[in-house]
Amino acid sequence: MKLVPLGDRVVIKQLIAEETTKSGIVLPGQAKEKPQQAEVVAVGPGGMIDGKEVQMQVKAGDKVIYSKYAGTEVDVENEEFIIVKQSDILAVIE
Amino acid sequence: MKLVPLGDRVVIKQLIAEETTKSGIVLPGQAKEKPQQAEVVAVGPGGMIDGKEVQMQVKAGDKVIYSKYAGTEVDVENEEFIIVKQSDILAVIE
Amino acid sequence: MKLVPLGDRVVIKQLIAEETTKSGIVLPGQAKEKPQQAEVVAVGPGGMIDGKEVQMQVKAGDKVIYSKYAGTEVDVENEEFIIVKQSDILAVIE
Amino acid sequence: MKLVPLGDRVVIKQLIAEETTKSGIVLPGQAKEKPQQAEVVAVGPGGMIDGKEVQMQVKAGDKVIYSKYAGTEVDVENEEFIIVKQSDILAVIE
Amino acid sequence: MKLVPLGDRVVIKQLIAEETTKSGIVLPGQAKEKPQQAEVVAVGPGGMIDGKEVQMQVKAGDKVIYSKYAGTEVDVENEEFIIVKQSDILAVIE
Amino acid sequence: MKLVPLGDRVVIKQLIAEETTKSGIVLPGQAKEKPQQAEVVAVGPGGMIDGKEVQMQVKAGDKVIYSKYAGTEVDVENEEFIIVKQSDILAVIE
Amino acid sequence: MKLVPLGDRVVIKQLIAEETTKSGIVLPGQAKEKPQQAEVVAVGPGGMIDGKEVQMQVKAGDKVIYSKYAGTEVDVENEEFIIVKQSDILAVIE
């Protein structure tokens, strides 16, 4: 089962804090969500959205910062995803 | 009796949870609605909507995720449908 | 006395429940309004509406589903009508 | 003294109920306003309004249904008028 | 000291009631403001306003009806003026 | 240190009342702010703003009336400025 | 780890007050945030944003005034950033 976003939608999955702890020590028992940081899971085709041409600029695997409160949480087979518009993605983390 | 949506409207019907239980065990007595998951029943013709060309990208039978709170619930011959704009459909489930 | 809608307006009249009871038994004494189901009474000419070309896609006699809370109720010679924009009509019932 | 509306504005005057009583009996002592029914008194020239070409479709003398809460009431020489935009006029009564 | 409005702004000054008393009797001691009636004092140049061409259609000296609550009251050398956009002027009184 | 506004922004500084007292008597000890009257300090370059061409029509030194509640107050080196969009400037005082 | 803003977004970092104290005395122990003053850290590519061409006019290193309440605060590796749209940047401080 796979989510295929329409138009300029992007399916993202929130990042868990352990993988970015600054000190380098990994604490798997303390996994907690990192606010607004997510990994791109699937990207819509873009195209004419509400009368305006939208080109998609993120791709699956990108780590991104997204806008607080944006998007819709969906639960597919007990996994939590968020579907946002690309314009709700603020920045890519490199 | 059939619902024929106008413009970029899509008639959908909410999915019942039993058919997607992960464990594989079907529990027909516990049918409960799956939030935001629906099956497309009928699709409008698209065309010029509010001055903008809209092409329809879903078709009858598609399973979709739609935006919470979007659309209008209608009751036709004791069946519950929801009529949404295509832009309220976030993703197709494959 | 006749209502001639302007622009993309449509005059509709709410349907009464008796004519669609599923069992086939007509209960004239219990006539109650069917929410959001109406019959089209008169259709405006369409044309340039707020800077956008609108073509009318419903016609007098069509049974339609319209958007809850949309439109303006008017009383002409003790008959109740609702005047909506065509974009408030979600689907035709066939 | 005369009101000359600008742009797509229309000056209307609310109709008094006595002239449309269905039974044919005129009750001049009971004149009460008919909600949303008015007679067109003066019509603006139309033209480019907010960047969009507007053609005027009503004329002085037309009886019209207008949108509840629309428009501005003005008092000129103790006569009450309402100034609305043409788009607030829903239908002409013929 | 003079107010020169920018763009599609118009400087107006509210009319005082005495000059329009219907009976013809002038009551200078009772001067009270006439709601929404004003005299045009100065008119902006018009031109491209928010991406749209606006032509000015009122001129200094015009008596006008303006939209309730529209505009900004300003006090210049103890005289009260109101600055409105031309689109807040509903009609000219002739 | 200097504020260089972007786009259609204008940096203004509120006027102090003493310089416009009508009687001609200057009361420096009573300087109080004049609501909505300001002097232009710096003007942005204009150009394409939100998809629309904007030409700047005020210049540094102009005394202007600006819209109540518009703009953002900023404090630079203990001097108070307000940054507004040019469209929040209603009129120039000559 | 680096933030790469999308579209017309700009990553900024709030300025600390000590570096602009007027007297010239630096008080490192009292570092407090300067409201609305920030340094540009990274700038998106601009381009077609919501159907409109946007050219970026600020660059990394610029000191800017930004609009109160605008933008989204993000925390990357224990550093606080704010991501704003370029249109939320009011002025550059030179």
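Miscellaneous remarks
A, B, C, D, E, F and G label the chains in the order they appear, each numbered from 1.
The rule we apply is simple: a residue touches a chain if its C-beta (ideal position, glycine included) is under 8 Å from a C-beta of that chain, and two chains touch if they have at least 3 such contacts.
Predicted model only: the values in this text are computed from it and were never measured.
Identification of common neighbours of subunit A and subunit B yields an empty set. Superposing the C-alpha atoms of subunit F onto those of subunit G requires a rotation of 50 degrees, given to the nearest 5.
If each chain is reduced to the centroid of its CA atoms, subunit B and subunit C end up 24 Å from each other. Centroid to centroid, with C-alpha atoms defining each point, subunit A and subunit E lie 53 Å apart.
One finds 43 Å separating the Cα centroids of subunit A and subunit C. The residues of subunit D that reach two or more other chains are 51, listed in rising order. Contacts between chains close into a ring here, every chain touching precisely two others. Beginning with subunit A and continuing to subunit B, the ring of touching chains reads A, B, C, D, E, F, G. Partner subunit D is touched in their complex by these residues of subunit E: 20, 22, 35-37, 51-53, 55, 57-58, 65, 67-68, 86-87, 89-94. Subunit D meets subunit E in the complex at residues 1-7, 9, 11, 42, 44, 48, 50-51, 72, 74-78, 83.
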